Amino acid sequence: MNLQVHLGNLTLSNPIILASGTAGYGREIAPYLDLDRVGAFTLKGLSSTPWVGNPPPRIHETYAGIMNSIGLENKGFDRFFREDLPFLENFQTKIIANIWGKTIEEYSDIAKKMNGLERIDAIEVNVSCPNIEQGGESFSSNGQVLCQLIQNLRQKIQKPLIVKLGPNTDDLNNVLQFMEKEGVDILSVTNTFPALAIDVENQSYIFSRKTAGLSGPAIKPLALKLVYDVIQRTRLPIIGMGGIMKTEDALEYFLIGAQAVALGSVNLIDPSAAVQIIEGIKTYLVQKNIFDINDLIGKVR
Amino acid sequence: MNLQVHLGNLTLSNPIILASGTAGYGREIAPYLDLDRVGAFTLKGLSSTPWVGNPPPRIHETYAGIMNSIGLENKGFDRFFREDLPFLENFQTKIIANIWGKTIEEYSDIAKKMNGLERIDAIEVNVSCPNIEQGGESFSSNGQVLCQLIQNLRQKIQKPLIVKLGPNTDDLNNVLQFMEKEGVDILSVTNTFPALAIDVENQSYIFSRKTAGLSGPAIKPLALKLVYDVIQRTRLPIIGMGGIMKTEDALEYFLIGAQAVALGSVNLIDPSAAVQIIEGIKTYLVQKNIFDINDLIGKVR
Amino acid sequence: MKRAKIVQKRFLGTSFVELWLEEKDIAHLASPGQFVMVTTGSSYDPFLKRPLGILACQENQFGLLFEIVGRGTQILSQLEIGDQVDLLGPLGNGFSLNPKEALLIGGGRGFVPLYFLAQIFINKKVPFQFFFGIRSQEEKVLIEYLSQLPIPLVISCQEEFSGFYCGTVLDAFENWRQQHSLSKSAPKIYACGPQGMFQTLAKMDDIIPNQIEVSLESRMGCGYGVCLSCAVKKKGLPGYFHVCKDGPVFRLGEIEL
Amino acid sequence: MKRAKIVQKRFLGTSFVELWLEEKDIAHLASPGQFVMVTTGSSYDPFLKRPLGILACQENQFGLLFEIVGRGTQILSQLEIGDQVDLLGPLGNGFSLNPKEALLIGGGRGFVPLYFLAQIFINKKVPFQFFFGIRSQEEKVLIEYLSQLPIPLVISCQEEFSGFYCGTVLDAFENWRQQHSLSKSAPKIYACGPQGMFQTLAKMDDIIPNQIEVSLESRMGCGYGVCLSCAVKKKGLPGYFHVCKDGPVFRLGEIEL
């Protein structure tokens, strides 16, 4: 049976990836999951310098979902380099660095640093981050700025470049065209959905920043639709994600054409979910008499 | 205690409305719920002539949500007039007619008919309908067409005019401005979210039209965000809806500024939910020492 | 909405469960072919209630018998005696109850409404024959279950195993028809089973689809007529019936399968 | 992930539940102050696991004791003996276990990790005093529960009712301090309770917040350090600790309340 997939020049031993922000920097989840079993492991989003993130509460449970407002807290490149990178040298699994910045310059900076690390196999750019030069709106809310950012990063990054889109990308068609032209290698779809929650007891917003990102099972049918929409408009390979809990959820993404999928929120409630899903996919392929997972990808047209 | 709310020139005895498509034409839900207890009752979407709707399956369960592809099946105005209107004469509750068409002309037609009925208190225009003159895209996916439609209908409708938006309204800011200028009375936000589901067993789309509309608890944090976004941009009164299951959900909508809320999917699993929610709101107001529900509306800024 | 307490529970094999619930109104009003919508719990995942046919009624109690096929029925199978469930019902239109003579044809879990019907016919002394087919030995428990009723049973199984006719229930029915000359006023046929069974039945010789009553399954949102989810195509006419309101019992001739 | 079977269950009054679960590893490894993340069922609504402190361990079993405050704990309270739950643990860093002398201060359900600690101290023959405060008579069941241990207890209740000191647990503690001259090597203080209790404690006279160990609650996504939800502000430093990894036991002086 073949589970190997090629996303442009990035080859994964199987198409199950751990999504950024839901598996730490590796050490935290390693006691529960053999990292070499997954196709790739995405690091929690890193910026060049440490970032403290948002005040609590940072998480709120909704019907079959969670809203998070972690605010991109991270230890910064240097501490990652010292504290976590050595641990990651023990594994063969592909490692994707997820990066962000508050300015194009900050993005460039972390991109260059990550690009220089041998252990990092690909770089995923989170573009759903507040752009302080544009008054705090997300980079993805302005197609032109987004294209600028991507062009800039492509020059700095020789490793496979993954752009991670959110649900409200401005001017999506043009941005997709631009990315193909500039040589972006892979797209990740999708980041969390902007959402709101009110504390009715205290008559206030739950989160200090009012809105927060919705993820988990609740969003699956919406994320799947988004991935589908993007697939219709580009030939770039896609890592699909959003609400995957079980084998069947992952299969839905493959069937509409995602070359790989990432697991996010499910890791919070079951750190070994990835292995069960990989095993579930094997069982399904056997049942359906399919030898190569690539024959499944995009089968539903 | 006062639960009466005024949405422009439409006055409701309480701010709980039954959403279109989830309570039939009244007779179906009446055995389970005293229609005079709710602030208003919205009829299943009607067109001028009968419409058969989509082939089955028409409903699919997702994590804490449902996708529906009813395809706007309805008996048409004439049968409604004969079979259901007489029954509705037995009630005092406000009745909102939900209307749609495949062309502006079809919309006009049903609008005029509904406008002529004394028992109908307001007319809600569902603009998330396929526009056959524009190749089947929804009316709300083209801001200009949408404005045209609204202008046309405003001329035909003397009753309070409600426009029901979906999550992907094109050019929202301009459309909102236009609606204020044209004298739209109320907005309903939101219709279902476009979503996708795959049958992994049969390797096919679940629905014959591929996509279908997601509703229910899963969408609540997204719908609340959408209502919030619209409230920031208009002074029109708003009927908020999306995923309301319990009193607390309704209160979230009031607190961010919705003047009324509508219950949709919850009616499917509990036809008397509205009464429990109304009672729950009363209890909450007593606890919080609030005499008038209007003092709650928009309290969280 | 009604609240009923589970007063009896029993597994039949590993994939069928019989539950008895206490709810006076349903127990007194229900008629064979009608169903209830049962919640799967207080969570919103799964969200919808599940339609289940009524198996029998006794005093203030009614029975359900279901197959565990997915998440909802799995959760229902974990209910215990003493637990309470929310439900709506009795819903839909049942079978006609006054034939001169009747033939009941049930496939798998489709025997549930026919079991109820058979009890009524026993009481009313309507002569009838019950054809019951199972796919495999695993469903043998259903045969044992059905054998509790003092009725003439013709059993078939699609897997070969001792004692029973080997084939589909319609094969068995056809076989029986050839051996018995039907009375002049041909007996009324009632059927419930998988889609394929209805399709084959409609095409059999000497069958008048409009005289056959069938009980359909379909995906349901509400079960009481508001959501229009449960569409089944009308035969020879534009548009759809709605299984929960117009059915679940239809004449075989009026629906497109 | 671990799977544990419920082997004992008991309601304390109407809003507290004691559960005993069989899971060898947790029972053998857990230390006072550590916690487990427990699923509320197989549904995704509610979605997250719930953090609960470990009450005690015995052979292959460990105990939990929780207050029913919302949906998750409501569901957990419905678990029955024989049911299985998925969980992660033992998680976090517990209390230091080798003081010369100790004072334990618990408010409401906050007594749980201290109960475990007290048992260890009894075994290790560490002298200690246990201060326990409840808000109202309804929590009296907890006093009875705690009285099972052969320990010196000072009880307080914010509602007046016979026999106990009337006031907060810190009032009772202050009162006791004034009556007893503390030994030269002042006893180590361990505390667990609501936020307000910690805030007051930090401001009391002759208290060195950095020598007090407190066990915090916070909203948790994962409980094992990946999601960064459980942030609590560092005192005098930029940034946050993470309760699940850096705690839940902290020195009172290092956190902003």
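Each chain carries a letter (A, B, C and D) given by its place in the written order, and its residues are counted from 1.
Here, a residue touches a chain if its C-beta (ideal position, glycine included) is under 8 Å from a C-beta of that chain, and two chains touch if they have at least 3 such contacts.
From a predicted model like this one, the values you see are computed outputs, not experimental measurements.
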* Taking each chain's centre as the mean of its CA atoms, which one is farthest from the centre of subunit B? -> D
* **Between B-C and B-D, the pair with more C-beta contacts** => B-C
* Asked: Just how far, in Å, is the C-alpha centre of subunit C from the one of subunit B?
  -> 36
* To do: For subunit B and subunit D, let me know how many angstrom lie between their CA-based centres, rounded off.
  => 48
* Asked: How many angstrom lie between the CA centroids of subunit C and subunit D, rounded to a whole number?
  -> 54
* Taking each residue of subunit B in turn, which ones touch at least two of the other chains? -> 62-65, 216-217, 245
* Asked: Among the residues of subunit D, which ones contact at least 2 other chains?
  -> 44-46
* Which part of subunit C faces subunit D closely enough to touch in the complex? -> 41, 43-46, 75
* Can you list the residues on subunit D that touch subunit A in the complex? -> 1, 39, 44-49, 86, 88, 218-222, 224-233, 238-240, 245
* **List of subunit B residues in touch with subunit D within their complex** => 63-64, 217
* Asked: Where on subunit D is subunit B touching in the complex?
  -> 44-45
* **Residues of subunit B that touch subunit C when the two form their complex** => 21-24, 28-29, 31-32, 44, 50, 52-66, 68, 70, 73, 216-217, 245, 265, 267-272
